[in-house]
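In order of appearance the chains are A, B, C and D, and numbering begins at 1 in each one.
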């Protein structure tokens, strides 16, 4: 059992401990982040959170170093997806310290990208990816149709409501905000048509548009069901083939 | 016909009457509860409701006693799911009287847990349970993806809107409230982005997120359809087998 | 060709004209009704609408009389679904005139029940009915689950928000209104939780509840698809059988 | 290689360049339009946008001329769908200049109809069209049912809320606006029931209505899945037939 088995594989006890430790650190640092944004925190809690962040970064740095050290093609690892993810998980902290930007918010928020480290261990992400591949064409088609519907809704409501509500529908981009909130049926209530024409237009948009926006959801769900059935069939066949083989012997 | 047949089975007339009585008492006490919270109730109605609650608790106590008495393994019944449910249905009342906590709201609200008594008689709950088993994996996958989407939305909107609306988006937890109301498309209108960046971010979140949140619904529906088809096939096969048998004779 | 063929069947030219006339009258009177509620109507338009309503009622009365006259079992027709529908279409008008209740709103609103006259001619209603039969069990199951979810949401939010917002959540019935608007994701914004507990509870309710409320939609859609496929198969088989027969000759 | 091959086909390099140029011009002019509506634009940007619009119209005019010139049946092209679309893409501009209506908004907004030019190159539109054909009957059925639900909701809420909120529910058409925003679950919050009767009615409407409005979405999604499976089967069969043929040789 060498170092590479521990870092890159999970066949050994030590390898599993290593993987689990990294996962727990990711989740813990992800949970700690929102707590640190609470306005009223005692000095002690704030200090503990800062020390915890420091320790996590040190451990992730060691992990990053180990992964580079044990990989056969080091340059290939550094430029691979997971190599970049591992770097992104620690780089913001060092940049913040080096440039004294610890209080700059964008630096701190980049911490959430550590979540990507978890995809290394996730079979769920692979299944999701396969389902997306099945409905790829339809999603692109509906993405296009949805963009057109969004565009036409935006231009239309701008035409109908601009004069009646010059503030709420000040420009096409203000109208786009209305179109987004309406077609997804969120309906915050900060922008809505008040003219007869605008309301009739909204009716048309909702009747034709909501379906277009909501269809991809159903497509994705049915693709996931299909992926599940295919997996089940493959397993059953595999099982049947195994049995056939053992009988042949 | 002994006592156990009446309490535990529904093959006899008396057993069915016993079961139906318990069910009616549960439903009646569940309906009576919200009425008792109405602000303007005459003294008479309030008294009737209190007496009704007292009678229901007495009857449920007798039922609980009978169920312990007739069960073969008494300790196993008391610690079983339904044994605990039967206890929870009456315990709050006695605790309230004993500790003079009748006016403490949490004690009174625990009455609604009596609903669980009905699951003893429900085949619908079993079908639901089977459908959930079919899509268990996907639900967990989407639960995870949904949590990540929720987390990223929360952190993102906090970054974009914190300065423009320091009250509405005071902390990550305030932003979480916005993310919940938006991704489920409820959109109360008490919190919404006002900056250009926040609105573009909301657009992205809605386009990517709404699907993720809504997919489990479609999955559950398709699993229920599958469970129905399986039931129908099983019944048809059973029927065919029966016919085959009777022909063989 | 006698009167009965005209009134009850649509094989003859006159029968089709009779049917089409009734349908047009129903639709026209249904469209005329909302116009009569507009606050600013000229005296002339108001008069025309009243005369139109009078003529429609007279024609429906003649139709009703004819249908009684030509039916074989007159009492059975009068007490049948369509007999009652035909009566309801004209009765409110006569009651209004006789009792001088023409201005009572409930009398005037009952006019919309004339829509039911159209179901006599509708094959679409039959298909819908068949689809509902297929998913009947699941709809009842989810109806039950939805009621329980609604009940628990109502009681829960009442517990969490009553003290913070004594006006909005004044009683269980006020909380029910919130639960309805939230679980259907309408979210008017007239009632929403403000406490931390209430918001966490809302999160749970939305995660568990929205699916339960939305599932019946997917079920109904898949049942309609199934009904369509069954129809197509039946037609194909019918066609095959017809061909087989003609070949046999 | 003649002019017709370039304009009408995409087999040649020049033909593909011609097609791609037109597509890019459409998209660019569609993107430029909303920018020109922004309230605060520098004089320079405004001038650039006007020149860009002028150039696009000139190029589309040349394209229109070329398409007429190369087509075999010129009159048939001019009166065809794509001939009219090509004309509509340029006509508003010339009308605006000729009649000095450049500032009239409806003239400018008709620019968005240029999007239709893209449908010439789109196979996605054809697939969408096929899916709509599959569920045509159900969509019409649900369109009808949805209209009836909308009508009854409108009349009902008018009856319940008119007295309590004479402004918000001033006429049937004001109630229709509420019904649209509620049944699509947008729920802007500008109109909602406040009476006990109106709220109970809203509950009924939402329970029965939301499903009816949302079902077509699921139907369309399942039709698209079906179209995809049919395509896959056809391709597989085609492939099988090809192989069979090559073996026969």
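Assume a contact is a pair of C-beta atoms (placed from the backbone, for glycine too) under 8 Å apart; a residue touches a chain by one contact, two chains touch by 3 or more.
Keep in mind that what you see is a predicted model, and the values were worked out from it rather than measured.
Colleague: Name, by label, each chain that touches both members of the pair subunit C and subunit D.
Modeller: Per touch definition, common to subunit C and subunit D: A, B.
Colleague: Indicate whether more than half of the residue numbers at the subunit A-subunit B interface occur in both copies; give same if so and different if not.
Modeller: different
Colleague: Using mean CA coordinates as chain centres, what's the gap between subunit A and subunit C in Å?
Modeller: 43
Colleague: So, what's the distance in Å between the C-alpha centres of subunit C and subunit B?
Modeller: Chain centroid spacing, subunit B to subunit C, equals 30 Å.
Colleague: From the C-alpha centre of subunit A to that of subunit D, how far is it in Å?
Modeller: Measuring from centre to centre gives 30 Å for this pair.
Colleague: At which residue positions does subunit B touch at least two other chains?
Modeller: In subunit B, residues 173, 185-189, 214, 217-218, 222 touch at least two other chains, as defined above.
Colleague: Considering the complex alone, what residue numbers of subunit D touch subunit B?
Modeller: Those residues of subunit D that touch subunit B are 185-189, 218.
Colleague: Spell out the residues on subunit C that touch subunit D in their complex, using ranges where they run on.
Modeller: 30, 33-35, 37-39, 105-106, 109, 112, 115, 124, 127-128, 146, 173, 177, 180-181, 184-190, 213-214, 216-218, 220-222, 224-225, 228
Colleague: Touching subunit C in the complex: which residues of subunit D?
Modeller: 137-138, 140-141, 144-145, 148, 151-152, 154-156, 158-159, 162, 170-173, 176, 182, 185-189, 192, 196, 199, 202-203, 206-207, 210-211, 214-215, 217-219, 222
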